Every structure is written in C-alpha cells, then in structure tokens.
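Each structure below is given as structure tokens.
Look at the two complexes coming up: chain A is in both, with chain B in one and chain C in the other.
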Partner chain A sequence: MSTEETERGPRRTNPESPPNYNFSSRSKLMSSTSSSQLVADKHVRYILMAEKKESLESVVMDHLRMNGAYWGLTTLDLLDKLGTVPEDEVLSWVMTCQHESGGFAGNTGHDPHILYTLSAVQILALFDKISILDVGKVSSYVAGLQNEDGSFSGDIWGEIDTRFSYIAICCLSILKCLDKINVEKAVAYIVSCKNLDGGFGCTPGAESHAGQIFCCVGALAITGSLHHVDKDLLGWWLCERQVKTGGLNGRPEKLPDVCYSWWVLSSLIMIDRVHWIDKAKLVKFILDCQDLDNGGISDRPDDAVDIFHTYFGVAGLSLLEYPGVKTIDPAYALPVDVINRILFTR
Partner chain B sequence: MRQGPSSEEDCFGLLKQFEHVLESDPLIDEVGFIHPSQFTLLDKEAGSSNVYQHEVQLNSEISRKFWNQHHKLGISTDILVQLCKDAKHVFLLALDEYKCHGNVCSESQIKNISCSPSTPESDVMKHSQALLLLSSDFGTAWNARKFILSKTDQISAFTEELRLSGLILSNSPKSESTWSHRRWIIKMISRRFSTPQEIITKESELVESIGERSKMNYRAWYHRCWLVSYMAIEQVIQELNKSKGWAGLHVADSSCFHYRRRLMLKVLDFFYVKGNNVYDRTQAHKIWKEELVWNKELVERYVGREFFYQALWLHRRFLSLNWIMYFACNHSDVSPEPGESSIIMNEEIANFINNEIHLLESCMTVPDTKFEDFQAQALHAVAYMLWLTKKIPELWRMLEEKLGREKVKCLLSIIGEERPSLLLHLVNV
Partner chain C sequence: RTLDRELGNMDTDETLPLSQRSEWSDVVPLTQDDGPNPVVPIAYKDEFRETMDYFRAIYSSDERSPRALRLTEETLRLNSGNYTVWHFRRLVLEALNHDLYQELEFIESIAEDNSKNYQLWHHRRWVAEKLGPDVAGRELEFTRRVLSLDAKHYHAWSHRQWALRALGGWEDELDYCHELLEADVFNNSAWNQRYYVITRSPSSGGVEAMRESEVSYTIKAILTNPANESSWLYLKALYKDNKELWISDPSVSSVCLNVLSRTDCFHGFALSTLLDLLCEGLSPTNEHIDSVRALATEEPDTNLANLVCTILGRVDPIRANYWAWRKSKITVAAM
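And then the complex of A and B:
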C-alpha cells in the first residue's frame, strides 16, 4: 500500500479564481453543519461518485486503481454500505487484473506487483469471494518474492521494503498459506530494520516512519512475534506524533495528516499503548477534515479530499470506536467480521 | 484499437506535439505543470514574447499548451487530462506491439514517413518517456524501460536513464517509482560495469539539491541512505564532512539528521565494532565527540528562536546513548548489544551525564521575554533527558542528586502538560 502521504492543495474558496486543476472544489461559505459529527451518507455518496468522475486525479492515479478500489470498498463496508456496489462488476474487473504469474496489477493490462495483489485479495475477502481465486497460484506469486535474507521484493525488478514483508504476510495469512514462506527469516529481517528510537524503516538503517512502523508491527502481530518490539520505546515514539491540534504526523517535525490516524493508531493498539495519546482530540481532528457538503475527507482541515484520506479517516474513527462505524482489525486493515469469517472457516 | 478520426495522424495530436517538443530540446532539465494564465508571466520573466520553438497553429488560443525556453518545459494544465490519456493509450499499444512482435518493424511503421523510422522498441522508449513525464508513478512504463535496458551493454543508455529520471524528479520529487528506478540503474551499473565513486557522489548531491526544494522528502533521503551501502569508509567520512554545512542551515530537517546517523552508524560499525586497533577506535571517538560538540552548539545557538528544533534534540538522543554504550565504556573488548541494559556506570559516563544535566538546566531557565519559545525548548530538553532514563535507570538518582527533588518534580510536570500519559508511564515504572 501507499504509505507516503500525498500532498493535497487547498479547496477552492473563490469560484472566480483559477481552478486547482487536480482537486475538487468547495465553498467555505456554504457549510452550515457542525463538524462535530461524521457525515457518513455524504462520504458514501462521494465514494460512489468518484468512480465515475474523470478528473486529472483519476487519470493520473489509474495505475493504482486496485488500491483505490480497496480504499473505497473498505470504507463502504465500514459504513455498512457495501451492498450499494455492483459486486459482479467489481469482481470481474478485479480478475481481469490478474497476470499469468498469479500476481495482480493495479489495472487491466498493467504489470503485476505485490501491492495490488494484497488489495485484490482484500477486496475479494470483503465480498466473501476468495473462493473464486486459484489460491495456489496467487500464493506462489507472493511466496516467490521472498529473498534469501528473508526480505520481500515488490516485483521481479527487486526493490526491497518492509512494506512488502507486511503485504506478503498479511496476504498469505488471509489465504492461509503462511507456510509457503520462511516466516522465521521474514521476522528476522523485519527485526533487523528496528532503529535505536524503537521505530522501523523500509530497510535496515532507514528512517523510522509511521507507515513503515505499521507494516512491521502488523507483520510481527500476524506472525505472533510482537515480543521483538520494545513496546514502551516504540509507544514513546508513536505518542510523540500527536501535535497540538490533536492530529498525528508520521515523523518528527512534519505536519499532521489524517492517514497517520490509521498507521500510528493501529500500531499503538497492536502494542497496547493506545492510551498514550489523546483520543478525543484525534477524533475532533479527523472530523474537522471532512468536506461537510460534498463528502470525503482530506489530509488536514480545509484541504481537498480524496479516497485515500477518506478511507484512513473512517478507519481511524473505527479504531477510536466512533459510533456508526464497524470495527476494523488493526493488523489486517479489514472489518473484524470479514477477518473472523476467514479465520474461523475451513 | 480506438476508432477515431480518419487517419492515425489526426489522433493523439497533443501527444505528437509533446513528443516533438521533447525531441527538439534534448537538454530540457526541468519540467512543470502550469496554469495557462502563467504563460504570459513566464514569457516576461524569460525576457521574450511569442517565441515558439515548436510547430503549432498561430491561433494564440490553441498554441498555449507548451512553454519551452531556456531548457525548461511547462505543460498547460488545461491539456493535462487529455495528454495523459493519450500517452497512456499509445504507450500500452506500443508495449503490446513490442511484446507480440518483438523488435520487428510492422508494415505501418515502415510506411510511417512523418518522422525517422521507428522500431517497436524505440516506440516503447519514446512513449514511456512522455507518459512518465506526466504520470511518474506509472510502474508498467518504468518496467518496460527496465526490460529493454537490461538487454543493452552500453553504459550510455544507463546514464541517459539517470538524466531522464532526474528530469522527472524535477516535477515529481516524491515519486517512489522514479527513485526506485534510479536504484535499479545503479545496481545494474555496478553489476555490469564498475561503481565509480563519482556516480554515488553525484546521487548524494542530487538528493541534497532536491532536499532544498522538497523538505524532509522521505523517498529522497531514503535513497541517500541506501547509497551508503555502496560507500567505502573514506567516502562515508567525506560525506559526513561535506553534508555538515547543509545540515547546519536546515536544523529542523529531521531526515537530514537521520542521514548523518546512518553515516555515523557505518563509522561505528567499521571502526569500533569491526576495528582491530586503537587508532581505529580513536578515529571513531573523535568523529563522535565532534558531532556531540557541534550538536550542543546548535542547540544553544537556537535557544530563544521562534521554531524549536526537535530534530536537534532527537539527534542528541542517538549521539548520547551511543556515546555511553560504546565510547565511554572502560572495557575495550565488549560491545553491548543495542537493547541490552548492560550499561555499567563509570567515571567517564558519570561526567558525561553531569554535563548533559547541566545543559538541561540551562535550557530550563526562562528569561523574561519569549516565554513560549523557552517553554518549547524546555520540553524538548526534558523529553531528551527522560528518554535517556528509559535506557539508563541510574539516571534518575543522578538527576535527583544534582537537581534536587523539587526540580525533578518540575521536569515531570513539564512533560506531564504535553504528554500526560507518558508522565503516568514514567512514574509508574
């Protein structure tokens, strides 16, 4: 998944000024609803409409449509509106993205990559349709990306990153084929990416980053290896992400961003340290990032919205037990009822 | 195949114009997307008007699509959506053609008289270039180029690829796929040819120049850290020295200081952990000491300024802890594993800690003016000291001895105001 926050521009407030070409617009004057509640219906509408819009954003992002579909669909499921989507259409499109190697691409006709393979599997899980997969084929693709040192490459071109370790472990766990990889080595590699500050980076010696930390902690959680984490030390690093406005940043000295409501929060939950941040302040921050008129959530208040931040905002609220949002699993990033269905059957 | 106007020549006109501009100016070093209203302003700044270097209708409305002067290229935001769609469509077609027919020219290519004869391979290269300038994370386009490049034995093809990806980074400095592609190129160069130190040096300089415009760019700085594994120890020390100036001017840039930590860890590993003689350790000791002194100077210099530099204090956590673990130890043959709380107090460590407590005290004295700045400074200093107590439990006793109970309570209340849960945790342990 994409752990790098994207920079959004401001929402257009003056209709006369030149449009910010790639972002949606909203007039500040029109909003009268207080931002102290989640406008769930507006977000649902935003997601369903985004599919049809042809903005520069959708054109430039269509190589990662599979990720976008996962973000949109999971958000809908968290708001209990997955039924509003044409399931057959979605599933048949997902399957057109499968490559002969077994991996999935971001869109039809593109090259496969581990990033999109996980999203594809997650989407199928949402619809309880993992059975349409040739599990052996997909899992072989993923397992084939493990290297000698336990690390994972993203695709045949060899880039290594702990995100790919998480993806492989999460994906194979959902498919119940974790035994196809060398779990011990995979864990050892992740542990070698631990820094002095208790955080994790993409490879050994890389800067600690909340997104990478989520991936490493998630992978360790799924493989039952959380004892490798110094929970107090990492908890300290994570709680230092909360800034005065209540939002969370991803690294020291950076601005807060709604997507970190997921990565920082789920990491804290997995290491039992979520009480180290001010939850109420974070809820308020996320709600302030909503576009109360058109739906959707942005990276920080008054910026332009997108599907990516809408998903992370709603997922963050789920972790904060906001009413009206289904419970999400912090390690698998899927609704708990979806994960339970998978883990407790067969 | 899309059914469009009568001949293929009329389709994808925008893309053809774009590719023509690229071909006519091979020295373009910067690309950007510009709002059409900016064109006149750019003309003024460039000191010219109505100078077009590409064949385009004279109708001024239509012609404001590309701005190309002084080897800079601006693309109008008005045409971006269509141009991007065109580029994608044409690229995927060319890729398909290449995959199906190898590098054999098709009949339509032989008949193509509008430009020099092309091959499926050159078409893929041409169209992927255009596409990546518009959509830098289009992975399939980068892959196609890798596939074609992996069959060449000309180093010039690889250096040309560095030029193109550098151009793309000028507009998309955070593009993960572009940075990843550069790493692939460097890996290929080092496998097939040698790794001239010059390439690594140039890469490092590129990151620094991008870091100037794109602050704390994780992808860029990660790339710089990745280069360290290709550096000989002499280059590592050189990098530490060369990058010091920039770091001193960007003290809030945490990524820049992390890069220094990466370099220093390599120094530590090479000289201390693997080092065999006293001279090696003395070198590492000297480098570490210098960094600690310099860090202290910066911390003291910026006391009372408007922005509080957490990055400097975070750097100090790393420096101090490693100093205590490795350099202030008496026993020269035991290197403690990180994470092990096997720090045995000795005189040198005690002296070092006393100096740090002194530094903390000086950061806690608040003059009459600029109260808020000093509050932030005090918070960072206190957080630094309390973080160290997690690793060195004996530190509590030393703090009480040196500062007295009241002042220690004051420290805790400072942290308690910002991070109440941390305070709870610290007192309960």
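And then the complex of A and C:
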C-alpha cells in the first residue's frame, strides 16, 4: 500500500462552464450521463488502457508498478471484471519481480521492498494463486524486517513507519504465518504511535493522519487488538474529516481527497462507527470525482484521474454498499470473497 | 543542475543522449524485459527509457564509479520516486567515500522539484545520520524551508521530529511553532509539534510543568478563531491525565462561555467541549445554562447536556448521527 502522490496532470477545463459552476450541470454539457451514477464500464476501460498511454504519469509509476497493478486489478475484481485480464501473464510478471531474499520489487529489476511484497501477495490472492509462492521464503523476508522495538522496516535500508507494521501483519496474515513475528511487540509499537486525539501517526509523536490511522487500526484489527483503540474518541476524529462538500480529508483543515474515502471509511467500519458520517454526501462526492467521458477517478472534482484514486474511489463506494460493486474487506483491502477463500480453507 | 558537471565536455555532456556520449561508449544498455505480451505495458518517453537502460546496465554490473554516481543523479532528476536508484546511489556514495555535505545539497536540489516522496526523505535521514549532531541546525533549516512552502508537509515534519530526537536543537522549537501558528492558527501539524516538544524535549518539565503557560497560549489562539478543531483538541490534551483539573479550571469553562456569547463565530467546538465537560461531571452554573439556551431555537430541555446535543445536531448537521449518539449516552447525572 502506498500513500505516495503521483504527478498531477493539468486540470480538466470546460470553456462552456460558468464561473460558479455547478458540477452536475457541467457534466451534462459534456456527456449524457449525470454524475449521480458510477460509470463502471468506463473505469474498466480506463484501467485496461491507462498504462498504454505515452504519459509522464506512466513513466513516473514504473518503479511502483506492483502497487499500480494491485490497484487496477482489485478495482477490476470489485467491478467483477477480473476475467478481462490475462491471468498467466500477470502472474508470470509478478514472479519476475521476486528477489532471492523472498521479497518482491515494484517492477522487474528493482530492489525488494515490503510495500511491493504485500501488493504481490494480494495480486496472487485475487487470482487464488497463493499456492505458486514459496510461502516460507516470502514470510521469512517479511518477518526479517521486524525490529527490536516491534516496529517494521520497509527494507534493508531501515526506514520505519507504521505503514510497514500494517503491511507486514496483513501480508503474514494472508500467508497464515503471523506466528513468525513477535505480534505482542508489533502491537506495542503501534500503540506507542497513538496520539491524544485517538489517532495514529507514522512514528511515536507524529501527527495523526488518516492514512496512518488506517494502517494502525487495520493491523490491530487483524491481530485481534482493537481494544487498544478508543473507538469513540477516534470515531469522532474520523467523522470530523467530513467537510461540507461531503468529501473526507486526512487531517484537520486539509482539502478533501477521494483516497480518504478509503482510509477514513475503512477505519470507521473496523471500529463500528461508520454511521457517524453522512454516507449519501460522501457517495455524491466520489461520483463527482469521476471522468464521465474517459473513465477514471481523481482526488477531487475536476482534477486529472489516476489509477490510485480510481481504486480508492471504487473501494470507498464498496464500503458504502454502492450497487454493482463487490464487498471489500476493510482490513485486508481485498474483496471479501477473496479473503473468505483464504481464511476459511486449509 | 549538478555541482560537479563538467561544462562543454563532450564525454559527459548531459545535453546529449547517453548513447552519444563517448564516456558511456563501453556500456551496453539493458532494456526492460516486459515479457512476450506485457499485461500492463508501460509506454516510456525516450529520454527516460534510455536513461533507465543505462542505469540497468551499471546496476547489473554493480559499477560504483563517479560516472555511475552522475548517472543516478540524472535518473533521479527524471524520476525522484525511483527507490532502486536511491539505494544504488547510497552504495556508490559509500564506495567512493563521497562528500556527504555535497549530498545534502544534491537532495535539496531534488526537493525543489518534488519533495513529496518517501525515498528522498529517507535518503536525507541516512545522510544526516552519518554526519551526526554537526548537521542538527542544517536539518532544522532544511525542514523549515520546506515547511515555508507547505506548512503541513507530513514528510518534513516527520524528518524534523527525527532530527530533534537524534541530533538535538530543541531550544527554539516552541517559538518556531508559534511562528507557524501566527501565520495560520489552523495548522494542526504545528499544534501537534507543540505537544511533541512539551512531552519529549529533554529540557521540558512535561505537561504538568508547562500546563499553565500552554493553556494560556491556547486560549488566546481559540479566541482568535473559535472554529479551530486543533486548538480545542490541544486544550483538552493538556489535561489528559487530570480530568478533575479540566473540569475545575475556571479558564476552561470561561473560554467556552466567552465563545458561546459571541455572535460572529461557529459555536460547534465550544459546545462540544462544554458537552464533554458536563459528561465528565461539571456542574453547570446559571451562566452556562443561559448562554446555551440563548443559542437554542428548540424547546429548552431541562437537561443541559441534552440541549447542547440538540443544538449541535442543528449547527453541525453532517454529523447529526454522532450528536444523536452522544445524546443517547447522557446519563441522568449530567444535568
């Protein structure tokens, strides 16, 4: 999972729109579909076409192609279109990214990192092909990244961040090897990153941030440690992320962004407080971020789209039970049927 | 542009494509193998493609030379998010025992174009850690510059917190927070940093010792703009281990009353703070009751906390469900 921001394209402009535009009327000028619907077919086409384009964005995405593939493929599965992708080619490419250490790189020829190791495992899970992995090897790579204080490094270079705690725990849980790490210490480290507003940061004392909160709450959920969360306090902080337009921001006084539809929402669901936000307004915000003509979803209305926000927008709609979107697991960030298949077999 | 660029030299002239520079004539570039039918083929711009092909060649042969260092720089200028290139650059820096002060400058020049990537900041930390406390001031200066462009820059704050912990320099940090809050009292990162300093600075007496001055500071901030989630949260945080004091401290109660009596601002946070106080056992005075009732358009509830929830459901309608839940949790004791 990555919270990286990619290069933004130019804002889409419509010379016909009046200065104080009303978004839904502008989109009617552009297309006959109003923004009150999910244009699923267009998003599917966008994902399949996206990386074929000559664009700076695709160039910039090269080293994190594994993340991009996870975002694209999971979105396709949520829209029940995973079958449109040639499975064998995806899987063989994924396996070319594995290192002798057991970890996966963001693309062929790159170095291994915990970020891409999780995405690789998640992609295999989508296709129900975890069996092609040497599970011992991958899990040893991940477990080997745990530090004395329970935290996790991203790779051999030692960057520490609660994102990596989540990644390690999520990955090992999917592989059914959580016992390879010191879970107690891992939980203790995450708890040490808890702030007085009920939220979590990247390291102890760091500002609460919705992306980090998702990681910490997700990790605590998977390890059965949610009792460490003050659900009422955190639930309040999370529902405070909703702004007047219905979108969610990631910290106080920041702009709303579609990706927080995932991080804030999944956190609220994991702590049973999702009814504290106005769901209808959030649905409208996400739908307003669609490119109704070319497909794809952007961070906020009128910006250029990308795979990252397309995934988070659709995943957010899944959590909001939008019709036509499969149910997604808020902790594992994979369709529920994929997780059930894994957790309830063997 | 790189500091060690040799101007006008055909061997290393960076305006020429790599394949035309005599310096690189001995190297066979390695193209990316996407497989027979790439699933998600990525189209590249030519310059990027060529630079990556040469990088792959030296990475594959593990060449840790001065030209390799220059090549990593070129590659990073095209894409500073490429973590493999940063890794390899570190190996080359170590092999060449390269001047790390120059490296700090290199990082700063990359940051000018795009400072929102984890790799750059991790690299910076790796360099600063090697240079040690001598660069404490420099790291604070660098993060200050980045924060002057984006005062809530999450990576910069994370690096700054690390630098204070590992290298020192806490003395002026509260003043720096004040500077930022004067510019924007809504800056949640700066409020978080205040808490960081009072709880973690080796010379701070902790929340207990700092409470009085911080409460006074925060109340001033609240009064300049009561619609500020961060300042109200900070105020509450100052009483974290002492709920009794929070309820009994007259300055907490009076800032609520002060804001509630104003007609020019959002009352939501003052009301929710009062609600929290009531639920913790504050006995409301007539002043409390009157100022809340003055805001009510609804039938006045004899239970003050109930009435506060009703008002909040109206002034903060997007969170109506939350306020309804709060109301349901009020016990008879909180009158």
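Observations on the structure shown:
The rule is simple: the second predicted complex is superposed on the first by the 321 of 346 C-alpha atoms of A that agree within 3 Å, B and C clash if a C-alpha of one lies under 4 Å from a C-alpha of the other, contacts with A are read in each partner's own complex, and residues count from 1 in each chain.
Note that in this section a contact is a pair of C-beta atoms (placed from the backbone, for glycine too) under 8 Å apart; a residue touches a chain by one contact, two chains touch by 3 or more.
Just so you know, these numbers come straight off a predicted model, no measurement behind them.
Once the complexes are laid over each other on chain A, chain B and chain C cannot both fit and instead clash. More residues of chain A are touched by C (comparison of chain B with chain C). Residue contacts after overlaying the shared chain place A:109 against chain B and chain C alike.
In the superposition on chain A, contact is made by A:230 with chain B only, not with chain C.
Looking at the shared chain after the overlay, A:252 reaches both chain B and chain C. With both structures placed on the common chain, the touch criterion links A:92 to chain C but leaves chain B unconnected.
Of the two partner chains placed around the shared chain by superposition, chain B and chain C are both touched by A:206.
Shared contact residues on chain A (touching chain B in one structure, chain C in the other): 4, 7, 54-56, 59-60, 62-64, 105-106, 109-111, 113, 157, 159, 196-197, 201-203, 205-207, 209, 235-236, 239-240, 251-254, 275-277.
The touching residues of chain A, when paired with chain C in their complex, are 4-5, 7, 50-56, 58-65, 68-69, 72, 85-86, 89-90, 92-93, 96, 105-111, 113, 157, 159, 161, 195-197, 201-203, 205-209, 235-236, 239-240, 242, 244, 246, 251-254, 275-278, 281.
For chain A in complex with chain B, the residues that touch the partner chain are 4, 7, 18, 21, 54-56, 59-60, 62-64, 105-106, 109-111, 113, 155, 157-159, 196-197, 201-203, 205-207, 209, 230, 232-233, 235-236, 239-240, 251-254, 275-277. Chain B makes touch with chain A in their complex at residues 33, 35, 37, 77, 80-81, 84-85, 88, 92, 134-135, 137-140, 143, 146, 174, 176, 180, 183-184, 187, 216, 218-219, 221-222, 225-226, 228, 252-255, 258, 262, 265, 310-311, 314, 317-318, 321-322, 338-339, 383, 387, 390, 419, 421-422, 425, 429.
Residues of chain C that touch chain A in their complex: 30, 32-45, 48, 52, 56, 59-60, 78-79, 81-84, 87, 90, 114, 116-118, 122, 125-126, 152, 154, 157-158, 161-162, 186-189, 192, 195-196, 199-200, 228-230, 233, 236-237, 240, 318-322, 325.
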